[in-house]
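I've put the structures underneath this note.
Across the two complexes that follow, chain A remains constant while its partner is chain B and subsequently chain C.
So, the complex of A and B:
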C-alpha cells in the first residue's frame, strides 16, 4: 500500500518534471540566446540600410572600439555575477592609464627598453585598487555600489594629481603597434583582448574562484552555510575586476596614444550597459563573460551602425539607455519579483 | 455571523484544509489549536483574505463572500493582528495605525497631522495605551506594539458597518503574564464590538480566554470544545492522536547506536537570548531529535553545532575537539553537514546544476591550485544521483527545476559525498509529498547504518518519535526532559506535548 502510494507520487513527480522540461527551457533558451539574435539582427538591419557596414574595414573599427570596453565589461561581469556592482572602473582606468604612462615615459618611453616593466606594474596596480575597493566594501560593510562609486572618484582625483591636469602622449611605435599592426585585417590588440577573454572564461568555468562567484550570486546565505568564505570571494572578485580594468587602461592608451585623467570616461555606462544587454542578470548568479562579449558587440555595433547610416550621434546614448530597459524587462521574470528597490 | 462551510484548500502535494466548517458568533471568543502543520496558518490566511479557498464558501452575516485580498476582507470587518509584528518600525505610531488609509486626513493633498494624531489617540484609548501617537514605533516595547497592532485593527470599527471579526495569531508569545492578563481583560471588554479568533500554542491561555475551541489536525476540524467541556489533556490528545505507522518511519530498520563514540557534545551551552544551559551528547549512528514549539530554541541549538551561533557560555566539542572559532567553515571541516529548513535560501542554489550544488561545500577536494577537476565532480554527482535515485535528467540539470524531494536529496548528497558524519537536519521533510518523505526516512536509516550521527528537528511529533533514538524536549530555551526512544520503548506524542507546552 505504502509502496504503491510512493510509486504514484514518484510518477507524479516525474510527470511534473517532464511538463516543466517542456515549458521552461523554451523561455530560458530564448532568453539565453536573445542577445546573440539581437546582435545578428542589428548587423542585418544596418547592412540592409548601408551595405558599407558589412566590410572588414568597418568590422575592424568596431573591434578596436570594443576592445577596452570588453575588458571593463568582463571585469564587471564577475562582480555582477556575485550579485554586487562595481562602479569604480572609470577611476581605476584613469589611475592605471596615468601611472602606466608616467612610468613608461620615465623608464625609456619604448617597449624595447625597460619601460615594458610598466605593463605588469599597471596590472598589479589594478589588482591593488580592486583589493582596496573590495576591502572597503567588505570590511566597512558598505554596499558595493557606494563603496566602488566613492573609490572611483578617489581614483579620478588621484589621476589628476599624477598628471597635474596634463596629458601624457605615448608615441612609441612598438606600443602603438597594438592598434597599427594588423593581422588578417584586425589590429593586434583585438587578438590580445580575445586571449584575455579566454582566460576570463577559464577562470569563470574551471576554477574554484569562478564557481564561488556563482555560488555567492546564486545564494549568499547558502554559500556561507556551505562553509565558503564569502567575504574572501568578494574581495578576490574585486581584485580580479581591477586587473581587467588595468588591461582596459592599457588598451585605451594603446588605442589613442594618450593617457589623461579622463581616460576612463564613459566606461561605466558602456560596460554596465553591455553586460546587462548581453544577458547577465543584475541580481547575480546568471550569465558570464560570453554574455559580456555579445553585449559589448551589440553596444558598439549600434554606435558604429548609427554613424554609418548617418544618424546624429546624440541619439546613440538615448538608444542605448532605452536598450538597457528593454533588456532588463525581457530578461527578468518579473512575476517572481514583487517589490523592486 | 462569520462562518466557513466545507472550505477546502490544496497546495501542490498537500491537502492543507479538508472541508472545514467553522463559525464565530457575535461577541464570541473562539480558540484555534493544532500542531505545527495542522493547517492553522492556512486557515487563518483564508479567513483574513490572503488565500482564496478552492472549495466551499465563506459567509458573512449569512451572505456568501469572496475576498481577493486582505484589504477586501478588512472592508467587511475582518482584521488580523499578526504574530510577527507587522508594524513598520521607522514610522510613527499614528502613521502605522492609518497606513493605507491616510486619505481621510488629506486636505488639498496635504496630511493634517493634528487630525491624524487626534484620531490615533482615540484608537489608542480603545486599547488603553497612553502614548504619544507621534512616537516612533521602534522605541515601543513588544507589549506596546502588540496593543498598537490591535488598535490598528480596531480602526475597522469606524470604517466598517456592523460587527468585527479579529484574528489574534499567537498574541501572547512575547508578553509577560501580567501583560497577558491585561490583554485578556481588554479582549473581553471589546467583545461588545467584536468577535475574536484566538490562535495560540499555550493551551492554558486558549482554555482561559475562549468560549469555544476548534481543534485542528491534518487540515480537518477534529473537535469543537465548549468552555469547560474538556480538559487540556483531552484536547492535546485530540491534537496529536493518530495511529503511528511503524513501517512509515522505517522503525524496523532502527538499530542500537554506538554509545562508545561521542561525535558531538554540548556542555552547559547558553546563547544570547533565551537558550540556556543546554547539555547533550550525540553518538555515532544515533538519531537525536530536538522537539519543542516554534521559538523554543530547537533551531538555535542546531545552528550552534553548525557554528552559525556563538555561545556565551559552555563548551561545544566535536569529535572530542573543543570548538573555539564558531563558523560554518570550521564545522564543515570537522565533518558537520547542515540541511536547513529553508531549502531555497540555504539549501540549494537554483540556477546552478546538480553537480555544482553537490560539490559546493567541498571544492577544495575537487580542485588543484584553484583549477577545478570537472570530470571528477561530474563522476561524483552521477554516482550520488544513482545512489539516492535522484530524479534529474543528468548531473547538468538545473537544481531549481527539481522537485522538493529531489532537491533535498541533492542537499543530503552534498554533505554525504563530502564525508560528513554529523548531520544536522532542520525539518528535512517540510513541504515534501509522502513518497519523498519516505525516501528521506530511508536515507536517515541508511546514514545511521553508516554510523552517522544525526540531530533532527522534525516536522511533526510522530516523525520525531518514529525516527529518534533519543528525544530532547526543549521549552523556552531549556531542556525539559530527555526520552529514550529506541524501538519498543517510544514515548507517545502526548508524553512529549506535556513537556512542550
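So, the complex of A and C:
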C-alpha cells in the first residue's frame, strides 16, 4: 500500500518534471540563446523608437565602432574560457599602436613601401607582450586578474615612454583605406575582422590548443590529471590573446588615423562587458568567439542606439555595468558555486 | 632564519632601507619639512588605501575605489553650495551605499568582486558625468575655506591632513583589533568556509567590508576635492594603482587573512618615498605607472599565500 502510494507520487513527480521541461526550455538552452535574443530585441526596440536606426549607413557606423572591440573581445574570450581573466588589453593595445605607428612612419609612412613590415612586427609584438603576461601569471603563480592588471599599467607607461606624450598621425591613404574604402556599404576593415573571427573560430574548434582551453576551463585539476601541460596552455592562451590585441591596435589606428598612449583607453571595460554579456561564463569552459561577436554587437548597438534615440552618452558606462552584473548572475549556476571572492 | 620568518618584517625594513638610500643620495630629503610635506601630499591616497585594506583583507578586491573618489569630487563640488558642511555626510553615505551595492552583488548574486566593483565603478562614472555635465567644476573659494578650510590648514606646523589621516588610522585600527566586526573580518580572511561553518554571517561581514572601502574612498575623494578646490569625473585617475600597491607592499596579501591597516600605513609611506625619489631622479610623473606596475607584481609574488589557492586562475 505504502509502496504503491510512493510509486504514484514518484510517477506524478516525473510527469510534472516532463511537462515543466516541455514548457520551459532548459537552463543551458536559455543561456545559449539569450544573448542573441537580447540583441534582436534591442534592434527592434531602437528601430521602433527611431526608424533611422535600421539603415545601412547606421549599421556601417556600428560595424566600424565594433571592429577593434571585437578583436579585443575575441582575444579575452580565449582567456575567460580557460577560467582566467586578462585586464592588460589597454596597455598592450597602447604599446602596439604606438610601436606600429613609430615604425610605419619611420620606414616610409605608406603601405606601398617597406613600411608594411610594421604590420607583422606589431602582431609579433602583441604575441611577445601576451607571452610576458602569461609568464608573469604562470611562473610567479599570481592570479591572472592582478598579474594582467599590473602588466597593463606597465604597458601604458611604456607607451608614454615611446610617444613622450605626442600623437603619431597616420595619413597614408592606402592604410586609411581600411576604413575609407567601402564594399557593399561596409569598410574593408569590417571584412578583415570577420576573417579574423573565422580564424579564431577555427582555432577554438578545430585545433588541439583550442580544445585544451576548454579542458582547462572545464576543470583544471582533471585536465592536469589527464596529462595536459596546463601551464603551457595558459601561456599560449595569453600569447594568442596578445596577437588579437595587436590586431585591435591596428584597426584602432586605422579607424582614427592616430596612435597615442591612450589608444587603448576604455577597451578593458567594454571588452570584458561584451564577452560576459555575450554569454561566455566567467567560470570558464562555456561560450566561445561567436558569443564574443554577439556581445560586442549588443554593447555597440546599445551605445549607438542610445545616441540615435537621443539619450545622453554618459549613461553608457552605467548601463553596461548594470548589464554585466545581470549577465554574470544569469550565467552562474548557483548550485555549484559555494562562495566567491 | 628563513625567508618566512623575516617576511612579516619586510615592509618596515623596506621602508627604512628606502629612506636611508634616498636620504644619503638627496640631502634635502630627510629635512622634517620635506618629510611632513611628502606625508601630507599622500593623505588622500592613504585614505583610499585604508579602505581597500578591509576588502583585500577578506581576500576580495575593490576596483571601484578610483571611480568612487572621482564621483565624490563632483558631488562635493556640486552640492557644497546648497548643503554646506553636510555635503561631507552626503559623500560618506554615497560611498557607503555604493560600496554596500558592490558587496551585495558580490555576496548575494555571486559575482566575483573584480567584476562587480568594475561594474559599480562604471555606474559611479556615469553618475559623475551626469552630475558634472562632463565638465571640470570649481568650488567657491570663500565657501570652501569657510566649510572645509580646516582640512588643509596646519596645527603647530603639522599639516591637518596628517592629523585627519592619523585619526582615521586609529579608528580603523580600533575596528580591526577591538570590535567583533574586526574579528569576523579576520575569520573570513583566514578561511571563508570555516567562518561560514562556525555560524558567522559571512555575507554581512563582507558587505560591510565593501561598504567601509566605499566610504573611505569617498572621504579620499572629498579631501582631494577640497585640496584642488574642485572636481571632475576623471580627476582622481591614477589613484587606484598606487593604492593597491600600498596595501600589498605593506604586507596584506591578495589572499587576505594577514596584515591590516598598520601595514597599509607603512605601505603608503613606501609608495610616498618611491614617488618623491622618482621625482628627485628626474623620472617623469607619467612614468610612475610603469614602476608601480612592476612593484605591484613583485609585491604580489612575495606576499601571496599560495597554500590558499588550489589552482591559480
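Just so we're on the same page, the second predicted complex is superposed on the first by the 316 of 341 C-alpha atoms of A that agree within 3 Å, B and C clash if a C-alpha of one lies under 4 Å from a C-alpha of the other, contacts with A are read in each partner's own complex, and residues count from 1 in each chain.
In this section, contacts are C-beta pairs under 8 Å (C-beta built on N, C-alpha and C of every residue); 3 or more make two chains touch, one makes a residue touch a chain.
As the structure is a prediction and not an experimental result, all values here were calculated from the model.
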Touching partner for A:160 - first (chain B), second (chain C), both, neither: second
Touching partner for A:229 - first (chain B), second (chain C), both, neither: first
Touching partner for A:314 - first (chain B), second (chain C), both, neither: second
Touched partner set for A:324, first chain B, second chain C, both or neither: second
Which superposed partner A:150 touches (first chain B, second chain C, both, neither): second
Between chain B and chain C, more extensive residue contact with chain A: C
Partner chain in contact with A:221 - chain B first, chain C second, else both or neither: both
Touched partner set for A:142, first chain B, second chain C, both or neither: second
Chain A residues contacted in one complex by chain B, in the other by chain C: 221
Complex interface listing, chain A residues touching chain B: 2, 5-10, 12-14, 16-17, 20-21, 24, 206-209, 211-212, 214-215, 218-219, 221-229, 285-286
Residues of chain B that touch chain A when the two form their complex: 245, 247-248, 306, 308, 328-329, 331-333, 338, 340, 345-352, 356, 360-361, 363-364, 367, 370-372, 374, 391, 393, 401-403, 405-406, 414, 433-436, 438-439
Chain C - residues contacting chain A, complex: 59-61, 105-107, 109-116, 118-123, 125-127, 129-130, 134, 192-193, 196, 202, 241, 254, 284, 286-294, 296-297, 300-301, 304, 306, 309-313
Interface residues, chain A side, partner chain C - complex: 83-85, 87, 136-138, 140-147, 149-154, 156-158, 160-161, 165, 220-221, 269, 272, 276, 282, 284, 312, 314-322, 324-325, 328-329, 332, 334, 337-341
